[in-house]
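Shared between the two complexes below is chain A, which has chain B as its partner in the first and chain C in the second.
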Partner chain A sequence: MSNPQDTVAGSQAVGGTETDDWRTRLVEFSKSDFVRSFPFWFVPFSIMGLGVYGGIGYNTLISLTDYEGFNEGPDYTNLDLGMYVQAVNDPWVWTTSKNTFVLLIVFTTITMLLGLFLAIMLDRGIRYREKIQTIYLLPMALSFVVTAQFWLWMYNVNNGLVNTVVGLFGLGPYNWIGDPQLVLGSVIFALIWQFSGYAMVVFLAGLQSIPDDQFEAAKVDGASVFKTYWRVIIPQLKSSSVSAAVVLMIFALKAFTFLFSMFGQYRVPKGTDILATLMVREAFKLQNWAYAAAIATILLLMALAVIAPYLHYQHKQGSL
Partner chain B sequence: MPPSNYDYPGYERSGPAYWSKTALLYGGVGIGALLWSLPFWWMLLTAVSANPTGAGSSLIPAETTFANFEDLFATQPVGRWFFNTIVFAGSVTLFNLTFDSLAGYALAKVEFVGREKLFLLFVATIMVPSMVTLIPVFILLSELGWVNTYQGLIAPLIANPLGIFLLRQQFKSLPSSLGDAAKIDGCNELQTFYKVYLPLAKPALATLGIYTFVTTWKNFEWPLIIASDESMYTLPVALFAVRNQYFTEWGLVMAAATVIVLPVLVVFMSAQKYFIRGMTLSGMKG
Partner chain C sequence: MSKPTQTRAENVARMLPELNYWRIALALVITFFFAFFIAPIWTGLVTSFKTGAAVTATTPFVPPGPGGFTLEKWGRAIDHLSTGFINSLIMTVPSTVVTVFLGSTAAYGLTLVDWGKRAQFAVLVLFLVGIFIPYQAVLVPLSDFWINIFPLVEVLAPVWELEFMEPAHARLLSLTITHVVYGIPLCMLLFRGYYLTLSDELVEAAKIDGASITTIYRRIILPLSKPMIGVVFIYQFTAIWNEFLFSLTLIGSSSSPAATVTLVLSGLGTDLSGIDFGLRMAGALFAALPTLIIYALFAEQFAKGLAADN
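Take a look at the complex of A and B:
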């Protein structure tokens, strides 16, 4: 590919007057690679740039105002950190942050472990693998609204399936959703059910890229099955694990949809209120736009703290 | 018996140890699969039961009826919701295929100053949960008067960093000599993209198309916020509204759930390969 800079330099030497120089530069610029590539990325980039980077900027600006209510727009003349001070002093923000964190850690850990276990089972030359894989993946194809309805009924105190099963062991019945002590666990269990198929598929892809002769080699060395997986196979799944973990964490941060549809219109989900549900409630029910924007900023910081190290790792590995 | 190329240590193909291990393996996976599919069975069962409140005690329906479906279609504008959802998911998919492949091509095959920086800016947006920009985007669109319109539903979703990433990887894997040859033959950049590279990227386009369609079909949070009028509901939001309205009528609610789930299930089952590729994409090395 020819370098336009050369031609620019050439015409400058010949051109002489300033107008000519300016014109040639413009003509050359219009032929440059940057302009040539422009029609390809301009539209998607401006939409995403406006939506994400512009959105974050605007969100931060709103969080510095006192904007609330329906009609009049935000007042940008009096910016302060009042909403953040209010958020830090609000014990409920701390409770929801704690819930967000517990959900994030417990959900991600168990889903990954279960997904890895399922992937190893399916990788062991099982029959009907495709069909079994489909079954485990089905919940992923479903909307949270639908799965929330399933689980609402599964957890029903009087005739839900979960209490029927627990009843077989002489326990219960428990109020899985109504009891603030139990509800976070119930929600996490339902989310694990929905996402372990995803973790399984990611790990399975990783397992299948490991050549079979490594099993042979371990066998020759006399390693047991467990040792083979623990020492030889699982360490090679690092890249799969990291990417699965990040995707699961992003899902956990916006488990909003599941909670919102499980507990109904802006009702406070006792025991499972997370930052995302709190934010939507403050914004779209109470119209406390500025306060909700401040909570959104906290959510963004949490997401960055979780995901930035991952992208850094991927970049270092050269996969980006 | 498992295929013979799976010759793991401790996996002798005969004797009681082998058979008990195999039984354990299939038993475990089978019970898991049963647990995973149970809710679907439950949903169908409830939708066709005459008296669903008693269904907790049995998994086989005593008598089946389509009354719940008839009720649903008679009392709710299901056709309109279907239409909305198809317009929403269909347009978002088409826009994504167009813009993501354009941007992915530029980032892979067109050399220009600042390309890598632009790419990092694109990829970094993956980190930002959509919840964070919900308020500013909503305020912006309501000032444009786009609340309860199709353009309001569709506009914020027309490009997606994950799709751009996928197509960039795909275009990168194709040899540059193809494009060079096309340019010698007199194609400009756009023609090279359209005539030479795009047809070769079909597998990635199929993956992106199906993945985008399914995820948009089941998107809830955005239609919930922007489409508050009943005539603009998409199916997931409609299910939520039906649930709130007929809280105790489980039969009707599950009939609605069935109507929403079935099309996605058909797409998903028939194109599972592409869907899986879409899901594992973030774990793939370029």
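Take a look at the complex of A and C:
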């Protein structure tokens, strides 16, 4: 590879006409870090951009048409907000939105609290910590299709382990997934089982970045263990909490696989029907493509309402 | 006679101050959650080895007795799922490799090279949003794209004439490409976190020596990335293997010759008489086998990937 000085010297020898100057600059530009690094980031960026932003744009366009059924493709001559009006007037959209919010709030809150509790327990210098952490995190390595099968069996009315356990306390048996009153709670419980290991790992990473001498100092001051955590340690886990909460909330918004796999069909029980399952059903079972696209846009806006403040917060913290 | 008793008493006395109630409570809590996390998986495992009669007659988490033991469910599950299992492998391995590579180059171009901090930041934000969007927001365009706009069945028509190839495999190829597209942002983020910890001096020194951007990547960054490539590969492989929504919407039917293992599993063992739980559990465990093996071997890297993605 020739170095830039040669080129500059070369062009001066020819005489500094304007064309040469322009040519030199072009050569310099072609050797700049921008051009040389371009293929590295632009190829993946354009592939991703086409899929994500091209997809979102196209989805928005389809949501403005009346595209449905098995015809060749959408008709773009008559664009309107009809599908959004239909969605707002559809009581089922409101039911599923309500379920989405219940799932999001309850699932995120309990998973975070349990994850924090487990992280504090494992951080207390116990033996075999690595092995215990591995088991707690194991559900996270499994597919929702797989864990849904396990929980379907756990919740079985006649032979499931959950009814065996509550039977020890003289309760039940309950029809955990057949009873509309219980089904959402049962699904949330299973999802907490799968995700609390994740929350724990995030909090553990946060706890381990806090120096030990803060515990020592609190001890010297005579603070109890509980007070030390409440006043000194937990406030420092804010950044871990925000990250974990965002990941969990986004998951709750798009949770589809677990519900589909547990009930084995697009139509899940009313109590567990969320926007994510409604959208996929409208599109791939009922072929209401435009309507499904409109629901997907609503879902996307909800996700952006979580992501945008998060990225802003991360940027302000200087951790981007 | 009295001497051993005395030593034992002494030992107990010495241990007592350490065995305070907090320690015992801690041990109990940890054991309780150990049981909580392992119970569904353990129950599934023992159920998969039970005969139909034993499944209903015995307590779910108790291993089958000699009369109730059978390997028949595993045999049937493997029979049903083997095609899906192979399809999943064919799809997951190449898409993981490509995604990891593209994620690494993207992170390199955004961290270790400086071509305008503001522009780089804007590109980074676009990548980050790509991690979090719900895939529902691109599902309709995606299926329209692969079916109406760019149908690989027609585009690559001569390929399906080859032996072992079926037109249905076009869908598997669409799925592979789709996973690459939506896997890039997270892989980029994981590599970025790692590249930010590398010292700038290394790259600066190489630059002064006259190394080009490409040479620096190939000779310095790529060899240094080895531990991170492991983490990202494990993470991405697990994610793609476990994925279901794209499989369902792009391949459609669990009876398609291109169906992935998660897609086949979702409909396994259901008939008019109800669900065959022994078969379901065996199928679930068989479908999870690659991820379980990877997890058993590389649990630490998996945890690192999870912790780093925020």
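The rule is short, and it goes like this: the second predicted complex is superposed on the first by the 286 of 320 C-alpha atoms of A that agree within 3 Å, B and C clash if a C-alpha of one lies under 4 Å from a C-alpha of the other, contacts with A are read in each partner's own complex, and residues count from 1 in each chain.
Note that in this section contacts are C-beta pairs under 8 Å (C-beta built on N, C-alpha and C of every residue); 3 or more make two chains touch, one makes a residue touch a chain.
The structure displayed is predicted, hence computed values, not measured ones.
Once the two complexes are overlaid through chain A, chain B and chain C clash, as defined at the top of the document. Applying the stated contact rule after C-alpha superposition, one finds that A:I105 touches neither chain B nor chain C. After overlaying the two complexes on the shared chain, residue contacts for A:T228 are found with chain B alone; chain C is out of touch. In the superposition on chain A, contact of A:F215 is made with chain B only, not with chain C.
When the two structures are aligned on the shared chain, A:I62 is found in touch with chain B and with chain C. Look at A:S37: by the touch rule set out above, it reaches both chain B and chain C. Chain A residues in contact with chain B (one complex) as well as with chain C (other complex) are 1, 32-34, 36-37, 39-41, 43-45, 47-49, 51-56, 58-59, 62, 118, 121-122, 124, 126, 130, 132-147, 149-151, 153-154, 156, 158-161, 164, 193, 197-198, 201-202, 205, 240, 243-244, 246-247, 250, 253-254, 256-257, 260-261, 264, 276, 279-280, 283-284, 289, 292-293, 296-297, 299-300, 303-304, 307, 311, 320. Considering their complex, residues 2-3, 5-11, 25-26, 28-29, 32-33, 35-40, 42-43, 46, 53-57, 99-100, 102-103, 105-107, 110-115, 118-140, 155-156, 158-159, 161, 164, 189-190, 193, 214, 217-221, 224-225, 235-237, 239-240, 243-244, 250, 253-254, 257, 260-261, 264-265, 268-269, 272, 275-276, 279-280, 282-286 of chain B touch chain A. Residue ranges on chain A touching chain C, taken from their complex, read 1, 3, 32-34, 36-45, 47-56, 58-59, 62, 72-74, 118, 121-122, 124, 126, 130, 132-147, 149-154, 156, 158-161, 164, 193, 197-198, 201-202, 204-205, 240, 243-244, 246-247, 250, 253-254, 256-257, 260-261, 264, 276, 279-280, 283-284, 289, 292-293, 295-297, 299-300, 303-304, 306-307, 311, 320.
The touching residues of chain C, when paired with chain A in their complex, are 26-27, 29-30, 33-34, 36-41, 43-44, 47, 55-56, 59-61, 102-103, 105-106, 108-110, 113-116, 121, 123-130, 132-145, 148, 178, 180-182, 184-185, 188, 210, 212-214, 217, 238, 241-245, 248-249, 252, 262, 265-267, 270, 275, 277, 280-281, 283-285, 287-288, 291-292, 294-295, 299-300, 302-303, 306-307, 309-310. Remark: chain A residues 1, 32-34, 36-37, 39-41, 43-45, 47-49, 51-56, 58-59, 62, 118, 121-122, 124-127, 130, 132-147, 149-151, 153-154, 156, 158-161, 164, 193, 197-198, 201-202, 205-206, 212, 215-216, 218-219, 222-225, 228, 239-240, 243-244, 246-247, 250, 253-254, 256-257, 260-261, 264-265, 276, 279-280, 283-284, 289, 292-293, 296-297, 299-300, 303-304, 307-308, 311, 315, 317, 319-320 touch chain B in the complex.
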